[in-house]
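Going by the order they are written in, the chains are A, B, C, D, E and F; count residues from 1 in each one.
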Amino acid sequence: MIGYAEELIKHGKRADNRAFDEFRDIEIKPNHIEKAEGSAYVRIGKTQVIAGVKMGVGTPFADTPNEGVLMVNTEFSPLASPKFESGPPSEDAIELARIVDRGIRESHCIEMSKLAIIPGEKVWSVFIDIFVMDHQGNLQDAAALAAITALLNTRFPKLDENNKIITGEHEGKLPVVKKPVSVTVCKAGDKLFVDPALDEEGIVDSKMALGFVDDDIICAIQKQGNVGIEYDMIDSIIDLGMRKAKELRKLVR
Amino acid sequence: MIGYAEELIKHGKRADNRAFDEFRDIEIKPNHIEKAEGSAYVRIGKTQVIAGVKMGVGTPFADTPNEGVLMVNTEFSPLASPKFESGPPSEDAIELARIVDRGIRESHCIEMSKLAIIPGEKVWSVFIDIFVMDHQGNLQDAAALAAITALLNTRFPKLDENNKIITGEHEGKLPVVKKPVSVTVCKAGDKLFVDPALDEEGIVDSKMALGFVDDDIICAIQKQGNVGIEYDMIDSIIDLGMRKAKELRKLVR
Amino acid sequence: MIGYAEELIKHGKRADNRAFDEFRDIEIKPNHIEKAEGSAYVRIGKTQVIAGVKMGVGTPFADTPNEGVLMVNTEFSPLASPKFESGPPSEDAIELARIVDRGIRESHCIEMSKLAIIPGEKVWSVFIDIFVMDHQGNLQDAAALAAITALLNTRFPKLDENNKIITGEHEGKLPVVKKPVSVTVCKAGDKLFVDPALDEEGIVDSKMALGFVDDDIICAIQKQGNVGIEYDMIDSIIDLGMRKAKELRKLVR
Amino acid sequence: MAKDLNKELIIDGLRMDGRLTDQLRDVKMEIGTVSSASGSAYVSFGHTTAIASVQGPRSLFPKFLQNSQTGILRVRYNMLPFSVSDRKSPGPDRRSTELSKVIRKSLEPAVILDDFPKATIDGFIEMIEADGSTRVTGINALSLALAHAGIPMKDLVAACSVGKINNTLILDLNGLEDNNSESDVAVAMMPNKNLITLLQMDGMLTKEEFMKLLNTAKDACGKIYEMQKMALLEKYKGEEQ
Amino acid sequence: MAKDLNKELIIDGLRMDGRLTDQLRDVKMEIGTVSSASGSAYVSFGHTTAIASVQGPRSLFPKFLQNSQTGILRVRYNMLPFSVSDRKSPGPDRRSTELSKVIRKSLEPAVILDDFPKATIDGFIEMIEADGSTRVTGINALSLALAHAGIPMKDLVAACSVGKINNTLILDLNGLEDNNSESDVAVAMMPNKNLITLLQMDGMLTKEEFMKLLNTAKDACGKIYEMQKMALLEKYKGEEQ
Amino acid sequence: MAKDLNKELIIDGLRMDGRLTDQLRDVKMEIGTVSSASGSAYVSFGHTTAIASVQGPRSLFPKFLQNSQTGILRVRYNMLPFSVSDRKSPGPDRRSTELSKVIRKSLEPAVILDDFPKATIDGFIEMIEADGSTRVTGINALSLALAHAGIPMKDLVAACSVGKINNTLILDLNGLEDNNSESDVAVAMMPNKNLITLLQMDGMLTKEEFMKLLNTAKDACGKIYEMQKMALLEKYKGEEQ
């Protein structure tokens, strides 16, 4: 019913009667997966994602010998949408993973310098895997919420004397010092709105994925969609994103 | 002639006049390949397979620091059947490799604990590659026969003082202490039979690949085929498999 | 206009009025790429290729512990021809890379024994990447020209005390002691000619890629094309190739 | 993980998680977990959790793969990277390729595809948590998802694992038990018809032991079958309200 | 490369390569570099060099990918192995996959594909030398190649990078600056229509800083746009002679 | 393997395996080795053993690859993992990709494909044992398999290797000789027509040396050709009985 959604937006309405600056209801469950060092289930409306964090012992990059290593991966399982296909990660899955990665990396929310085990030789690797379980729109904001929530409850595995992981034992928490959140602002005609449902994503002219850290600092932007966006609208897009980001951040624990 | 084979089986006959519990003629040639540490050519009727064993020096798995490493691979070359396709291993090729692997691994026929070179650091890797040369039915039993025969004539490569393999020199034999064999029992209607030819494979309701070790112990089962199998038939399927396994084992040297 | 080119060749002419033993105009620009240790841009008529050499620190092969490692790769970008496709290297791209590789390797033009850093442990790796920028025929000879020219201006990166490369600093030149060049001789009917343009490649019966080192020594041959070549023509093919190779070599600095 | 057959995993007749030898873990079943699919289900046995969904029936491309007589069933089984102790790198491997096949084969006898010529029905299983017996948990979930998608079926397929540890026969192996078992058996059945559609066995067993285990599995599949029917019933009851 | 935010890269108001903060590097643009393509262009910003070409419009295979209403645009961005300090191994990676998508999206608003139903227009960008700001250089080149190929366009697309180093806002980051920036922003515009078609930002910025940078980028895109038009003009002048 | 050009491999005019310089190894040829193919052959030169088979002519999919004028020949050359001293990991590599192409090109001049529009004829070569000269052994086998499959041919293709070791020209290099040769040449011919269909040379040779080697190869191809015809004859004799 894309035509219908489009018509509604023009008239200032949304199919589910939400206000343009209103998210669908949000549910966040931390510690969802027992085998993961950290995890979170996030539901925004009917969109569901699970983020799991696994900690590994790895080798640092040559130019950052005393810092941990971060890896973000998304799984767009065909289970979650008739549009997702089996096979290697799609362009969209890779883009989402890289936006979430940059949001976490560039916000410096993890204190990477505290992840050295033997400086220059062994450091912690932080693997964040985001499983899309039900794609009903706005994966970007859901994935970012799941990632930061999972990081916030991530524990270190215990190491033995040879710095090998002791399966099932933990000690201490991953040092996470900021809470970046993502707000995707959509534009259709001259209307701006947040948290697009799936049918709304089909009719937007463009989307702007915005990342914000605690104190109103912008930490990531990615324009998406098939249509150019007017230079003069950027200001209000950022204002709307920043306002909603403050609200979302309250949900993150 | 699938329709024909089906008709025959119903009437208690087989296209090649074999009894239901009769294998086609079997030929086994050990030491078929000069460059391999162990090898065997096996022919069952027109079905032909070659197994080659290569020994390498590798790293043990972390949880079995003093044991060798086993790897089974199948090559379903399109040379061997108009049904085989080029490209990465098919589902069927992987399934066969894994059934043969489990038959060898779970029967403990190789004394893996005798394959350490430097405990915890260097161990022997046993690579079994099974090349299907002509697919005329019952690859499973032929592959298992080839694998165990090849293992039985496998020699260790000689190592130099740095534990590197000296090409072309050998000493000692791989410690193989049991002779697991596979018998695939087929079911079509209410009939059970063994060693399906290719056209018979097209009409079976289901197949049961059964592995047995020397003393009538079952070491592997895998149901195959598109139709369910009656609970009450399992007993006679195992009995038939066990009886034929005893016969097959006599051919293995 | 393949039919036209074919007709012309039969009558002893070429579409661009060249003599049968005449190359199109050749332009060679060494040091084309700033980030590469060595590089060259080569244009033959409208055909354009760029070769870039990167030097790395790697591990020697077990059987040549004191020698450097050579790797030749071609990039047949779909940018350069409507016939090139995206994806893994095509058969033609791999063949070309391997012919260029053999021409360099077998001519011993690089003194590989001078590329040890720590004998048996660390040696220089020489990566030659050949980018096809515009495919208008005779990639073979253009690629070989670009490769040897790039090697001739290749500098060693400077190493720090840990034998790690210091980015952007260089010292000394790669020891290149010979100048192998390639001449591809084409045959259409009973006519032989060199440097086929793209439309001429479409009508040749066969091509013979010939490599020669400084002193008229043949260092590589690869027959190509869909038609057999008369045994008795080999002599004159080699003579033509050898004559043109002498001319080409003068352009290589 | 190296098997340690001597590890004491049954003490005073009780397993490490307190279960009796023939006791299932806590089972949860839920229908309709994934709104973006034709059918879906969530099934957990203790800390082994599968989500399954069905996409389709839908046209199969490229066309030369179509069967003009009947629809085809395709199945993908996948373990999520965070579902296991050591992160599993994404993408199919040999194990998941084999399991995808045997799971498909375990469901094919039950589904009726004649009504969907040229079409494919795609079943997906994602293991959210893997603590042993993942393939049978996946079968239970996908069987429910197929029913929920309205694909005609002769019967539901119910599945469970049995095995032998410390020389004792047990039902529903968890990860610890699986890793240290002498033998393990995966069974799927169409209980109403007494038909076995999956049977895989590893390790070493006498015929008698095997037949006993199979009998245990049969009874357990019957129980699981009842839970499956209950879950479907609750779903439809819920929808009627 | 690890970022070193404290590295002094602006001294007395001048950058390491002698530029002012709002100064572009030397820009070269050339049309028709690749004779075997429908259209092509060469663009360099200092030592960042892109070649772009367009193949097509041509029929899209396999057929089930065709759109019977309109042509489609496909884009591949690739860095050549020798274009960077540490050799890049050939083939696509996650970065180039993302960039291929965002570059395509940055050009789609400008191209008119309705005249090419069932066809594909394939744009290719090869980075010959990579010294920062590669994606925007690639966009400038591919925009010209599309125009040269005669694909109908609403406007050219011009692109540049801006960023923040040493707490200073700068235009057109080179590799050294990119590696040590606090923040970098890539912008593409259809200058005539004041439409932004690419906007990517990394690092941390206040809204005020970001809006200032965006304004700088807008002005620079305007200048680059003039150079693009000049390059096309020269090409056609050349062809008329 | 590092070449050791100084290794003495010819002593008193005899090679390590006792052969004269212009002597072939023991050659075995057998037709019809693979019952599941349209045609097949087994060829061994000493411990180099190839099995070749032909599948088809058969329809080529996907359809857009079909040539409506003529059939196409496809060839896959593969070395089995156990055929060499160090296990070869399965799957194509750069070497086998090149060899598959040059082998196809060596046979294309001989086969007549016009009768098979839209079809493919697929030739497969599997090296069972590899002790030098594998590509030419494969060509000899696949040529026979094509004839056995009844594919119309202008002539059989016969192939052999020649080379130079210890400054001596030799015929039919085994693995040891190949690994330590100064130069090696692979030749395939349609002997009846005196046409060369494969010619590859590595190493360094003067023109005179090369022409001498080529002459040796020509004579040897003639002998191999007779063996091929004999093998086919015996096959058909056998079938008549």
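We adopt the following convention: a contact is a pair of C-beta atoms (placed from the backbone, for glycine too) under 8 Å apart; a residue touches a chain by one contact, two chains touch by 3 or more.
Predicted, not measured: the structure shown is a model, and the values here were computed from it.
When chain centres are set by their Cα atoms, the one at the greatest distance from subunit C is D.
Using CA-based centroids throughout, the chain positioned farthest away from subunit E is B. More than half of the contact pairs at B-D come back, by residue number, in C-F, the repeat among C-E, A-D or C-F.
If you average the CA atoms of subunit B and of subunit C, the two centres end up 48 Å from each other. Here the CA centre of subunit D is 50 Å from the CA centre of subunit F. Note: centroid distance subunit B to subunit F, computed from Cα atoms, is 31 Å. Annotation for subunit D: residues 62 touch two or more other chains. Each of residues 89 in subunit C touches at least two other chains.
The list of touching chain pairs reads A-D, A-E, B-D, B-F, C-E, C-F, D-E, D-F, E-F. The touching residues of subunit D, when paired with subunit F in their complex, are 62, 64.
Residue ranges on subunit E touching subunit F, taken from their complex, read 61-63.
In the complex of the two chains, the subunit E residues touching subunit C come out as 33-37, 40, 47, 51-53, 55-56, 58, 76, 78, 80-87, 90-91, 122, 124-126, 128-131. If you check the complex, the residues on subunit F that touch subunit C are 1-2, 94-95, 97-98, 100-102, 105, 108-110, 183, 185, 189-190, 193-207, 210-211, 214, 218. Residue ranges on subunit C touching subunit F, taken from their complex, read 61, 63-64, 67, 89, 91-92, 94-95, 97-98, 102, 106-108, 208, 213, 216-232, 234-235, 238-239, 242.
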